[in-house]
Structure formats: C-alpha cells, structure tokens
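Across the two complexes that follow, subunit A remains constant while its partner is subunit B and subsequently subunit C.
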Partner chain A sequence: MAPLLAGYAPNLEKFLKTLKGQSLEASTEGLIALLKRRQIRGAEACAFATARVLLQVVAKSKWTDVDQLLANVQKVGARLTHAAPRELVIGNIVRRVLGLIRDEASEERNADNEGSLMDSVSDLQTLQPSAATATSSGSQRPGPNPIKPTLTPAASFVSKSLFNLLSVVDPAESFTTGSPVTGSSTPIQQNSSATALKSEVIDGIEEIMDELSQADDQIAGFADVQIHPGDHILAYQPTATVEKFLVRAASKRHFTALIASGTPSPKGPEAYASLKKKLAAAGVRTVHVMSGSYAAYLPKVSKVILPAHAVLANGAIIADGGAACVARAAREYSKPVIVLSGVYKLCPENSSEVEDPIELGDSSAYVPFTDGPLVDGVDVESAVSELVPADLVDMYITNLGPHTRDHLDDILADHYKVEDIDFPLQ
Partner chain B sequence: MTTGDVTKPEPLAIRTAQASAQDDSTPFDIVQEYRTILASDPEISMPVAAIEALIALLGRTSATTAMETVSVIKTHAELLQQAVSNPVPLKAGTDLFQQYLLRSLKGQAAAGSAPPLSFDETRQHLLRNSQRFVTRAKAARETIAYKGAAYVKDGSVVLAAGGSRTVKTLLLRAADRHVERWGSPRFKVVYVMDGSRDSVPAVEALRERGVPVAEIEQSAVAFTLRAARVDMAFVGTEVVVQNGGLLSRMGTFQLATLCQAMKIPFYVAAESHKIVRVYPLSQADLPRCGVRQDVLEFKCAEQQKAEEEDSPDLFNRSFGQQASPIDYTPPEFISSIITEQGVKMPAAVYDLILDLYT
Partner chain C sequence: MSSKQGGKGAGAGKGKKGAKGGAEEKRDDILQAVIIADSFQDRYAPFSLEKPRCLLPLANTPMIEYTLEFLAMNGVQEVFIYCSSANTDEVEAYIYNSSRWRNGSKISPFSSLEFIRVSDARSIGDFLRDLDKRALISSDFILVHGDLVANVSLDAALAKHRARREANRENCMTVILRSAGEDDHRTKTHGITPHFVVEPSTTRCLHYEETHPLQADHYLTLDPDILEHKEFEIRSDLIDCGIDICTPDVLALWSESFDYELPRKNFLHGVLKDHELNGKFIYTEIVDQGYAARASNLQMYDAISKDILGRWTYPLVPDSNLVLGNSYKMTKNGVCVENGVVIAPNATITESVLGHRSSLGSGSSVSNSIIGDRCKIGKNVRIENSYIWDEVVIEDDTQIYHSVLADAVRVGKKSIIPEGSLLSYGVSIAPGTQLPTDPAARISLKQGDGSPATDDASLVGENGKGADFHESASSDYDSDSEDEDFGTDPSSLQKSLIYSLEGLNISTSSISTLATHTSVDSDEVESQVNALQNADPTKSTTATASRNRLDSLSAFSAFSDDSMTGAFHTDAVNGLLDSLRAEDTDDFDGAKLEFMGLRLANNASDSSMRKAIAVSFAKRAAELTSTLDPAKAAQRALLDKKGAIKFIREVGVGGKEAEQAEFALALQNALVTQVMGKTLEAGKAGTVLAALLQQLYSHDVLEEDGILAWWNDGRAVEGGELMATVRDKCRVLVEWLENADEEESSEEESDDE
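Take a look at the complex of A and B:
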C-alpha cells in the first residue's frame, strides 16, 4: 500500500493531489489500493481517476513505438479493472484511450506514408506472382498470408462488413494494413514523432476528462425538452447527474418532483435536502416517496428517471438496488422510464457477459447493529446495485442526446475500436 | 440492378462464348456440384457450399467479358435456387458472391478491407482462394463459440435446440472454459431433440467432456424451461433475414415464443454470411420468399380416403422425404445474435445488409 495515504481517509480529490511528482508505479498502486478499499467508488470518480492514471502512463512510462504504448496502457488498465471488477467504466475509459492511441498512430502513419507505397498495395501484389516483388512496405509481409485456423480473440473481432468472407485481406489481418498497431509495426524512428504522438494522445485524454466533467451539464441541457409543464417526475435516488437535470428543468418548467429513496436511510426525509432546497427555490414542489410506496404514486407520475452506474450493450442498465422494482412498477402503469447516463458509462458488454451484476452491501439501514439478537439470528442481504432489464427502459439520455435502445450499437461503434472490445480478457 | 454500368461487350465474343458453353462435352451442372460439395464436407454450411459451387462455375465457364461472366453466374445461381425446396440459405451465399463480383465492376472496395481490384483480379482471387473461404467460414464458427462461451456461467442451465454445429462448438468451448477455471464443467445442458439425427453427435460430444446433458422432446420444452430452471437458450439458424428475424428449422419460432413468455434470453449463434436480403412478413409469407413446403394440408375423410387409395404410403412419403420444414421467427423474440463480427441486436442486421448493397 502506498504510504502517503496513511493517516486519513483518502478520496478522489486527495488522490489527484498526490499524483504530482509521484512515480507512475506509486500512483497506479495508490489507485488500485483505493479502488480495492472502495475509497474511490461510483462511475464518475472511477472514470476520472482511471483517465488521470492513464495520462501518467502515456506521459511517464517508457515506450518507443505505438505497440509498446498500447501494451503499457493495457497492462495498467487490466490491473485497474481487476482491482474493481464491478466498476465497468474503468474498462470503458481504458478502451477509449486505446482507441485514441490507435487513431493518432494511424493518422501519423498516413502522414508519414504519403507518396510511398501503401501497405495494402503489397496485398494486391501478392495476388499476382508475375508482378515485381513488393518493395519497402512489402518486406513486412512477404508472400500470401498464411491462414490462421485458430483466431485470437483480439484479432477476430473484425470490421463491419459481410464481405469479409470473400475479401482479399484476411479479415483477421485487415487491421495490419489499416493501422500500424499490431505485431509488425515499425518503430517510430525519429524522436520528434514519438513526442508528437505523446502530446496528441495526452491532449486526447484531456479531452476525455473534459467530456467526463461536462457530461452532467450536457445531459441537463436536454431537461426542458423532456420535462413538460405540469409533469410529475419520479426520480429514484437522484445522483448528481439527475440533480442537475431536475434543477435545470426547474429553471424553465413548473413540475412536481417526486424523489424516491430506496433503502430507509438513517437521515430519513432529510436526505436530498440540498436538491429539495434548490427545487423549492425555483418554485418546484417536491414530494419525498419513501421506499416501497412507488406504486401508490405511479398513476399520477408522468415519467420515471433513473440514474445508471453503467449501460450495457443490449440496453440493460446497472443501477442502485431497488431501481428494477421502480422500473417494473412504471411498466405496469405504462409510464416511460428514462435513464440518464454519460456516454462513458456505455459498455460494450452484454448483460449476460457481466459476471455478477447484483452487488450486496451494507444492510445496517434495515437492521441496526445495536439490535444484537437480530444481527446474530438472521442474515440480512441488501442489494447495492442491480440489473434493470433492457425491456423496462424506454429512453437513454446521454451527453450526445436522447437515444433508443437500437441506437446504442451505433454509439458503441463510434466510441470503441473493434480491437479493444474484448479488452479485459486479453 | 446492373444495367446502368455495363461495360460494353463485343457482340461476337458473347455469341462464341455462349455457343462453346453449350457445346461443352460435359455441361457444368451447378446443382450436382453443390450437392457434391455439401456431401464431401460435413462441416460446411449451405451458403458457403453455394459460394464454392459458383467458384467452381467461375473456373469452368468460358465467358470472356465481365458482364457475360456476371450473367452466367446469375443464371446458374437461379438454377441452383430452383433445385432445392428451401432456397433462402443458398441465396445468402449466391447474393454475397454476386455482390462481390459486381462491386469489382464498379471499382468499389469493400469497407474496411482491401483496395478495389479489377474484375480479372477479383476473378483470379476468387479462383485461387476458394479453399480459404471455407476455412474462414469455419474459423468464424470458432470465434462465435469463443464469444458465446462467455455467456455460460457457473451453475447455469442452458437449453440448446437443433443440430447447429455452431451451438455445439459454442457449448464445447464453454466446457473448456469451465475446465480451465474450475477443473470441470459447471453447467448443464438441455438438448431439444427434434427427430433429426443432427443433435446426437452434439449430445455425445458434450457428455464426453463431462457436461451433464438431458435430452427432451419438443413437446416437453415449456415444461423443461420451468422445471430445469433454464437460464438461457441458444439456437443456430439457417439464415438471418433483413429485419433481424430468423428462417430456421421448424420449432424455432415455438421455442422463441416460449422463451419470451418465460423471460428467458434467446440467443442466436450465426455466422455473418448467413445474413440474407429477404424480408418475410409473417409465417404465411414464406412461399413469397421462395420456400416450398407443405406443412399444412386440410383434409376431410373423403379426400383422405381417395388419396390413400391412390397411393397407400403417401402419408409416410410426404413426411419422411421432405426436406426439414422451416418457420419464421420475428426479431422481437430474439435477445441477441452472436456473430463472428460481434454480438448484435437484431436491429443491427440491417446495417450489415446496407453495407452489402451500396
């Protein structure tokens, strides 16, 4: 464990402060320890911390070519995902950074190659034995490519075309021609281009961090379109994202906010006091719905808003325990369920691939530890997070706008490179 | 579809080529070729066999111009489709092949792959690499198995139906994964036996690996889904149609309906070359899609008697010899389609088709 963290309970802010002037290994270890101890938790904090550490990897780790850089990022990324396997956003951020590096590298490569033979030309020449042997770039891939009977998972996730079956380039190898990022890539000769790549990638990661910090505001930008005057909006355990959304809507619309709290929190109705105060200041009435009585309010409710820990590729979401119950109640009364989530929470995993979406945690809200006989006598389980099935969700609002479930595939394709989809398995 | 961009052939060349194609001592029989290919390799799927047959044709035809070659391919593809009672899987293969040829005429490159080849180069490439396509198609099955195996978790009960080789491979990979991780397979399989012999080897192979398998009849599916607490169902398919639905062995629709009613995920394992540009509207729409089958025959006693007198064993014949009938599973019953290009929602199939025809 990192010694600098001893003595006080660290959190994200303190972690970020310690990053300066610390070695890469120490900051990685520090974050792993924090993740394991759940001192950094929640999608936003995990995403931000991951981006910061990956930035350090790009800036400080030793690499001379793109492959090494990718390997470094993958190695650190894998350690972070293993430290907190339930925080799926960590994997997402790692995939985003890997994709970013691949993009920058191929841009650079194309700039370098201008005027000279493209790699793909050598493919064409291998088809014509009579043609002159491929020069320069051809030397990397002599002769026709051998067929790979067993495909590695990373390479087999091929680009989106049905023609792959018949194409000239082996689908598994089509990346080799398109980008220099697999096996045979040439090291970047000049130091200048390595530093150029480094600064490009660092800029890119900073953009990702900007996106993380702006996501909530951007989502809130869609609030007044979705919330209409006179609506009754049920928000289940509002997070910062939902809070901003409601407050933004309150500045323009008159509606009634029903704030549902799941577990009987020790604070009782005092919970979400700041949100209530802000809403009241804007003239919006709030009703606090205690756990279990959602169905009584649902006939009146016009929309249900859920925050998500993660949105999965098939549209299912991982949310606070109890969210599925609210969503099901909404379905029963035919009320739309809207999920608010930054794009960075959208995972390429399917709900069947997620190892165990239900997380059990602190149940002291139900049985206080002072109640000795009960604590001794029964096991009380409390779900901290659970899976809301895809068919219970009607709309997803991300920082890019509102989407239907069928559109999630396209967003995934826009944000992650096919090579990185299987990332944690590598 | 191609009249717009005809490269003007010389009329003389066509005439001589057509004449020689017909005068050939042994005329090329595409149907025979297809059947031979299908019989020679038990692992080959129908679309790929159709592609192989067309490649063989490409090697034999004496057509000299590009357009002539395309038209020869087209007529033979139609011949081939007419020769079978369910032409849709063949159409998947022949359409893919024809589009690939046409694309080279237009000088377009397939997205994300090689640069455009000229028509002659395309032809040479296809002839030379015919065996490689078969290997690729098989490799696709392995990839699907690898992806799908991740779905089979500790303690789950999986229902599989039909004799799909993809599903068989998938379950075997899942068993391998479990052995790697825990030392033995920690899932159970319920296999729906539909009367064909196709599923028997799969059951044997799974039992060989130490996976407990229960064989059930089709009529026991609803009971089993509940009684065995099935977690998910895997099926293979003959084709995936344009809207993300399936045309597959009779009983698939029934199984999908039951799974949806019981909220059990219904996964389809299909190679992407099984995607075809066909859009069935309903079960009754199958004849329009080219499928010829007599599943429904309403009779009264008189007709029945008259037919029995005509040929006493008609009943047995019509049920014994007919190619296995198929039904249509609409996309809303399908949770995900596992292809070698990733796990797709049914709605994403259209994107793949679009890429093929633009």
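Take a look at the complex of A and C:
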C-alpha cells in the first residue's frame, strides 16, 4: 500500500498532476482554493503553480489573436493575484508571461512585415525607435500622434503599447476596452500564426519554469564568493534557497552557521534538522539560535542572510515575520545583510504600493492552543510575513549575480514590459 | 453532468495512483465523507426555527462552508450530506446555489456531492443505519457534523487508521480529538464533559462516558477489565470535534444496535462497553496542532467565533476569502472589512469583522464583535462581544453586550441589550427599551412549535415586535434526544449563550442544592451525594428540571442511605410486585431470574437486595389486607407463588442470625412506610408483620434466634411511635418463641437429668 504514504490532502505536486485532466476553469479555481487555504504557499511554489496554470491558459483557452490571449492571461492572472494578494510573485509570473506573449507577437509581426519596421515594440531600452515605427505601422496617419481619442477606439495591440509608451498618464485606461480588435491595425493572420505563437509562448513559459527550478542552484553558485573562511553566518529561518546556498558554501569554505528561528517552533530543536545534518557532514559547525536571542550572537556574526518572499522595486523585501527585527539588529552592529532571491521574486511595485505586506497567521505559532487562559485572555498577532525596509538590506543575490539596490531597476526593466507594470490594477 | 464529473474525478484518482496500485487500491484511493447536517437538537433555538443550524452564519459564513472546506482541504472526493426532511430543502438550495459546491460544478473540489433525505429519521443513528442499507460506502470514510470548524490535516490519522485496519479488520474507527489543556478553555464544551479512557501506548480508546454538573452522581464506572491494561489515561481535557474516520464496519455496528441515537453517548460508549461481544477496537488520534471544534451550541458558537477573530483557525479566517465572492481585507487592530464598509472617522473598532456594505456611525465603538452584511449602526452605539447577522439596524445611543442579533433585527434608540440576549429573525426592539438581564431574554417572532407569537409590549416596548421564546413542551420534533435519559436535563445548560449554572431555569429553593454540587470538586463524590440527600425532598422535587431520578431518590432516602442503588431498588420492587400480583401464573422462577439479572446489572449489594425483597413482599401483603384479614394476607403473599419462600430464603435472607434480623427489620420498615403512605392502617400493619414473621418462621426462613435478634435490636424501636406500635404487635409471637425456647431448654435440661 505504497500510495497511502502520500496522503489525501492536496498540495502542489498533486495539483500539478491533476492539471492535465481538468478543464481550465477547474484548474484555476483549484489553484485559487489551494492558495486561499495556504496549501500552496511560499514564493517558489506559488510561482511554479502560476506558471503552470498560465500555460494551461495559453494552451486551452479560446483565443484567435494576441489581444484575446493577453486578456485571457490577464483575467486568470488577476484572479490568482487576488486569491493570494500577499504572494507578489504570482503577479510577477503573470507579467513575465504577458511580456513573453508581447515579444513573441511582435516577432511574428516583424516576420510578417519582413522585419522592416520594428524590432521590439515595447522594450524599455528601445523605447524611442519602437514608438516611431509602431505608429507608422499601426495607425492610419504617419507620425507620432499620441492623442487619446484617436487611439482608444481602435484599441489594437500596437496602438495600446504605443499609447502607454508615450503618455504615462493613464495606462490603466487603455486596457479597459474589452472590445475585440477591429482588424484595421494588427496584421496577424488568424490560425497559422496563432498556433505558431501558441507553441512559442508555451516554450517561453517552460523556459520560465526552468528558470524557477534552477534559480536556487544558480544563487548557490555565488556562495563561495560571499562566504569566506572563518565567517559566522546568521541565517534567519532558512528556506530551500538559503539551505542550498549554505550547503554549497560548506563544500568549499569552513565557516560557522547560526540558524535562527523566529517563532518558537513546535518542532523545537528538531527544526532544520536536515540542513544541520548536511552542514555537519560538510564539517560546518551549526548553532541553533532560538527566538529572539540572536542579538547576543550578532557581535560575532560576519553576515546575515535573509530569504525573501519578494523583493520590491525600491529594494525593500517582504520576508518571514521577524526578519525586519534581525535586519535592524544587524544594522546596529553594522553587519551586512544579504538577501537571497530569484529574479522572479523581484517586483515592480514599490513598498508604498504594496497595500498590506504583513500577513497575520496562525496565533498558535506563539501561544499553544492548549493554554486556555492565554487563549481567552491574550490577543495574539503572529506575522507570517513583514516588510524589511530597503535601507536595512546591503546586497541582493539573484540567479543573475550579486546586485546593489540601485541595480534592481535595470533588472526590472530587463524582465517586465512597461505595459505590464501595473498589471494587477487592470 | 454529475456522472461525467464523477468519472473525471475517478479518472484523476486513477491517474494519480494507477502506476503504483492495483485495481482494488484505486477504489481505496477515493476518500468519502459523510456530513450529518442535522443535529436533532434545539440548542440553537430560536434561530434554528428559521434556518437549519448548518446555515447559520459563523463569522459571516454559513457553518457548512467550514465543514466543506475542511473536507476539501483533506482531499475528500465524494461527499454525502444527510439531512432530515424538515430542512433538506434549505440546505440543498444553498448548496445548489453555490457554484463552488454544487454537484457537478466544474470548480467543485469534490467529484460528487449528494444529498440523502431520510424522511422518518429521528436521530443521527437513523441516518447511519440508512447509510448502511444504501451500500454507498466502499472503504474508509470520514464522518463529520455540519457545524465543524477545523483545519487539522487528517493525512497522518488516515494513514495510521489504514495501517491499523490492515493489521486487524476489527480496528474499525479512529476518533479525532483536539487536546485543550487542563485549564479552563473557552472552546471546551461546557455542561457536558466527555471523558475518554485511552491507552496511551496504542492510542486505543477503552471507555467513553459523559458527565454533566446536574447529575446526581459524579463518578465514572470503569469496567474492571480496563485495569488489566498496563497503563491508561482518563482524559477530560479534549475537545471532541466529532470527526471520526470509520470503516464500513462501523455502519454495520450501527445497524446491529437499532436503539443507538448519538455517535458518542450511545454508539461510542456502547461499542466500547460491549467490546467482548463485538470484538471491535476504536482508536483515538489526539492532535495538538491545528484547530478543530464543533459549534454544537451557542456557547461553542461564541467560542469558535472568538477563535476565528483571534486567528486560531487560520487559514479559515474571513480575510482568506474562502467563500466565493468574499473580499474581506485585514486592516489595523485586527479588523476585517468587506467592500463597501463605511466606518465614521471617529468610530473605534477593534478585533472585529464588518460585512459587505455595513456602516458604523460616528462615536460608535465596536469590539470583539462580528457584524454581518448591510448592517446599519447609528451614532454612539456600543457593541461588545456580540454577533450581529445580516441587515440589522441599530439606532443611535444603543448598547449591546455579548448578544446574538439575527437577520433583520431592529433595535431602537437608547436601548440596552444586556449579556446573553438572543434576538431572533425580524425582532424589533422599540426605542428606549432595556431588556431583562436575569434570565437573559430570548426573543422571537415564533413560538417553539413554529406558530407566530403575539408581541409582548412589556418586553420589546411599544411598537416592538417579538415575544419571549418558549419551547413547546409537547412538540417532539427537535427535542434534545441526547439528554433524554438524564434525570436532570443538561441540555438546558447548552441553550444559553453564556454558560452559567446560575442561569438555570430552576426554582430558588433548589439552587442551594446545586450550588453545593458545583462548588465541590468532582472527585468528592461522597459529599455531593450527601448534599443531595440532605436536601429537603419536597424542595428538590419542585425543581423544574428534576424528573424521575430525584423523585425516586427522595422517596428512597427515607428508607435507605444507599442512594447509588436507587434505580435498582425501584426496578426490583416493581418487578417482584408484578410477578406476585400476576393472576395467570403461579411460577416465581421468572421473577427470580429477572431479579438476579437486575442485581448483576446494577451490581447491587446484599443489603439492597434484602430491602427490595422485603419491600415487595410487605407491599403485596399490605395490598391483600384490603380484602383479606392480615394473617390470611400474609400467608397468600408468601405462599401463593411457588418458589417464593425458597426465593426469600436463598436470596432475601441467605444467612444466619444477623441477616435474618436485618430482613425482619426491613419488613418492619417497609410496612411502616406503607402506613405512612396511607395504604395500610396502622393497626393492621403490626398484625401483618406478626403474620409474616410467623409464616417465615414456620417455613424455616427465619429462625428463632433471628427473630429474637430483631426484637432486641435497637433500630426496631427507633424512628418514631409507628415503629414501636408495629413491633409491639409481634410481642405475642416473640413471647411464644421465647417460651418455646425455654421449654425446649428445660426439656433438654430434664433430658440431661
């Protein structure tokens, strides 16, 4: 009876397995329910599930041209982000997929137009040339003329992006039109190009998924540069990413790992047992620091490593509850704080735009439910996630390498299209 | 559509495990669940008159949503919902209108969800026996109630259950329990305390029993077999959330015992007690992570609502928006608000939930409360610890403390709703009204039998709507079957929002009795028994809640100080009297058998048996004196039935001098009681006693030594004049005996000479 070990409760793995047999609607709602029930949680799992569902959208939903596909992806993406408003990576993946579709569509179109007019409609770097070319190809009149009334009625793909590019005034409005394209502007041949586009986009999404699964390894690749022999590394609530990072470093460097857990974990000292075992195998000494007492170790610590749920555009991060406290303590002792985060966790939002980064979780993380008087007499607020201000973080290590705060903007521009920056609002 | 969907679900299941398991395991792989959506109780009255319990809102979400979510969370595939005919329609309509749960809905997490109606069901037991007949259950299934709020993961318990079941087919059930610590806990059920006797090494459940503060005897009877286990724990610190993992055998057990009604008090207790007969094992899974509780009464409703506000039920909290279409957001101070909520800038609100488009006027303060959709709350209103359902209007300057206000309630200006008030659907309170505090008001537009109530202006004010809610004593439906066999009815403890023994609807004279009860620790059994006995019997019988148990007890206490065997005494005397009176047969063997059975069942002592026999024969003799003269009556009473004398000799007396004296004393006592009860004339009593003793002497039941021992016993003259009068009548007999003795001895002496 081997299958019994797996249990019945749904999780990411089971969800992915059911995807094939289910209708798109069922998959979407299934994921939404899992997100709401926190049976899929954590940035990586959420990102992966989102990518898979969006893949289904591309493969299964009805669309005949790029605009419909974009609308479909946006619609499903908006529902997913709404289901878990604090998992910002979901929005990121949706933006990535949207950008991918736009890229592929423009490539198609370029091929159709013999590549004569434009190369990339909406890449931030190629803003100026694309604006000019897009206008000439897309609208009837030559020359840039970004006046609202003329553009919005025939809201085609090209004119939309153009409008966005030239007037940043009200990008949301240009997308509100649900009307299908009139056909005057987008010269996409319906079927053959649609299937080609579909397979291109699906390939692209699979690449994104590859990126997700490789991110941890790539980040770990920078471990030996960052961790020096003899270092004392404080890792706050290490995730899989941090775990790989430390283990990789341990294979080359001799250092001391301090593992701090914020909440009094129900598992007690057994928490992070596998990590400790791996580190011990590599000859690295580990110290388990229980809740709150890490400040005593800070004078000895050489670096603090924080895993991020999401990295915001201004450099603030959303991390496990208690991380801000660690970061602040590190600042007091002038110890560098390093954030490990895949590029997919990098969000175009600023910390002021994130409505409520603090998620309150299960109160029993701090007070056992068996303690009747406490349950009745005390209001417990246990933050699952919280915002660590940008100035407390010194360095970000993504799968692309180590970055400073100022560099984040460039990475953002590389990965997201301007049209999609405001995605969840649409 | 539904069948297609079902096929898909099954297909998904196959896809998952097909590679690993054979054909049989595939079927195993589909987890089934049965929801009991009807409780056959009226603990939620008057609210449950309007809506079935499982649709009442708990933190603005119908309770059944939590239950379904729990099942979905645990990967259940097929769901059966049992409802009694009275409220199936509403529940079914609710599910049908929910695009998420509807059977065959594309987005339903279940492959099928079926309603089963049982029109003549009167208890949960009827549901499960019906389920057994239908043969819908193929493998392990989860049995839950429609008022469950839980986020525990059953995977571990299911795996353990499965492993145990494979090891032994008789391991048929696993009960999920949440530990709640030894201290007082708001989420433990008050009133009825479940006690589980568990073997810690195997988690096997050995015994189950319920106690409540109103019962006379605060003790558990453990089967001596339990003591043979190396170790066992008696746990009363558990929250019984009503989740059972069952094999189909459980349904067969239900069918075998047609009189079981409740899954715990009847079924669990019964099956464990009869373990030697049925050979079934039941296990417990005591979880200490996660949340699980049943909103089985208003106090639990209150507790679970607070737990939701305190986020102990996470992720089942309003801002997870698990119900389709909800969009609650967490804001500051633990306040969850829906879209369209308007809170005046200078209103204060903490630890609360505000439903869709509700508004809160300026200067108002709300704390620890849950407010439903489209409620209008005026200015300077104060709401604390209250549950306000949808579309309630509360006008300015009103104060509401720890109450439940159902849909469409209106409360006028400057009213005060004190703690514990329950305002049912559509009730309107006129401005300036203060509702009573002790007992707290239960106001409804309907009476217990469903008929409309006439508005009570003295309660709800001029132009108010609603009257004090009375349960209809006659209506059987909805009666709380759980507690029927208790002498005192603990369900009365469960109907109020606030658990309190003072809040009982009992006359003041008997409160003192109850107070002694509850002030002592439960292990001080003795003192409680004494407290009950010392209570003036006439007073305790006036208590509205007390029934047979107290009656028999007070009658008995004059006669015996052994209250434990009160039930035995009554039953035994009635049984013996019936067979003594019987005209058609003159055989006493049946009665003897029945008596011995009763004795074993109650574990009655020798002395209580003696008393019971003496009383029954004395009663019979007293009855016969109405037509016959005393001597003849005594003879008929003793000799009419074959074997009666033998029965008295063996069972009733069964001993030497001391026992014989006891029996004679018991006869005397019984006759005196008859005299006091006016069924026998005082003069005749003595004659009857003398005749009885003489008959017994002549049939060698009593010997002279025994009778003389009684005659010389101080107790025979104690207890008033009557005893002495009755005893005096036997002087002749005794003197005759003494003389005979002397003669005998003198004869002996003469012989010796």
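Here is the rule we go by: the second predicted complex is superposed on the first by the 347 of 426 C-alpha atoms of A that agree within 3 Å, B and C clash if a C-alpha of one lies under 4 Å from a C-alpha of the other, contacts with A are read in each partner's own complex, and residues count from 1 in each chain.
The definition used in the following text is that a contact is a pair of C-beta atoms (placed from the backbone, for glycine too) under 8 Å apart; a residue touches a chain by one contact, two chains touch by 3 or more.
Note that the structure is predicted; figures quoted are calculated from it, not measured.
Contacts of A:D231 after superposition on the shared chain: neither subunit B nor subunit C is touched. Looking at the shared chain after the overlay, A:N350 reaches subunit B, while subunit C stays out of its contact range.
After overlaying the two complexes on the shared chain, residue contacts for A:D103 are found with neither subunit B nor subunit C. Once chain A of one complex is fitted onto chain A of the other, the partner contacts of A:I421 are limited to subunit B, with no touch recorded for subunit C.
Legend: residue contacts after superposition of the two complexes on their common chain; A:D406 is shown touching subunit B, with no touch to subunit C. Of the two partner chains placed by the overlay, only subunit B lies in contact with A:N314; subunit C stays clear of it.
By the touch rule above, subunit A contacts subunit B in their complex via residues 118, 120-121, 123-124, 127-128, 147-151, 153, 156-172, 174, 177-178, 313-315, 350, 352-353, 355, 389, 405-406, 408-410, 418, 421, 425. Taken together, the subunit C residues at the contact with subunit A in this complex read 8, 11-12, 15-17, 20-21, 25, 29, 31, 69, 72-76, 100, 106-107, 109, 153-156, 158-159, 162-163, 166, 178-181, 183-188, 237, 288-289, 291, 306-307, 310-312, 314-315, 320-322, 327, 329-331, 334, 351. Of all residues in subunit A, those touching subunit C in their complex are 1-5, 7-10, 14, 17-18, 20-23, 25-26, 28-30, 33, 36-39, 82-83, 266, 356, 359-364, 368-373, 375-376, 379-382. Interface residues of subunit B, counted against subunit A in their complex, comprise 48, 51, 96-97, 99-100, 103, 110-115, 117, 121, 124-126, 128, 132-133, 135-140, 142-143, 146, 150-151, 153, 232, 263, 265, 267, 272-273, 275, 335-336, 340-345, 347-348, 351-353, 355-356.
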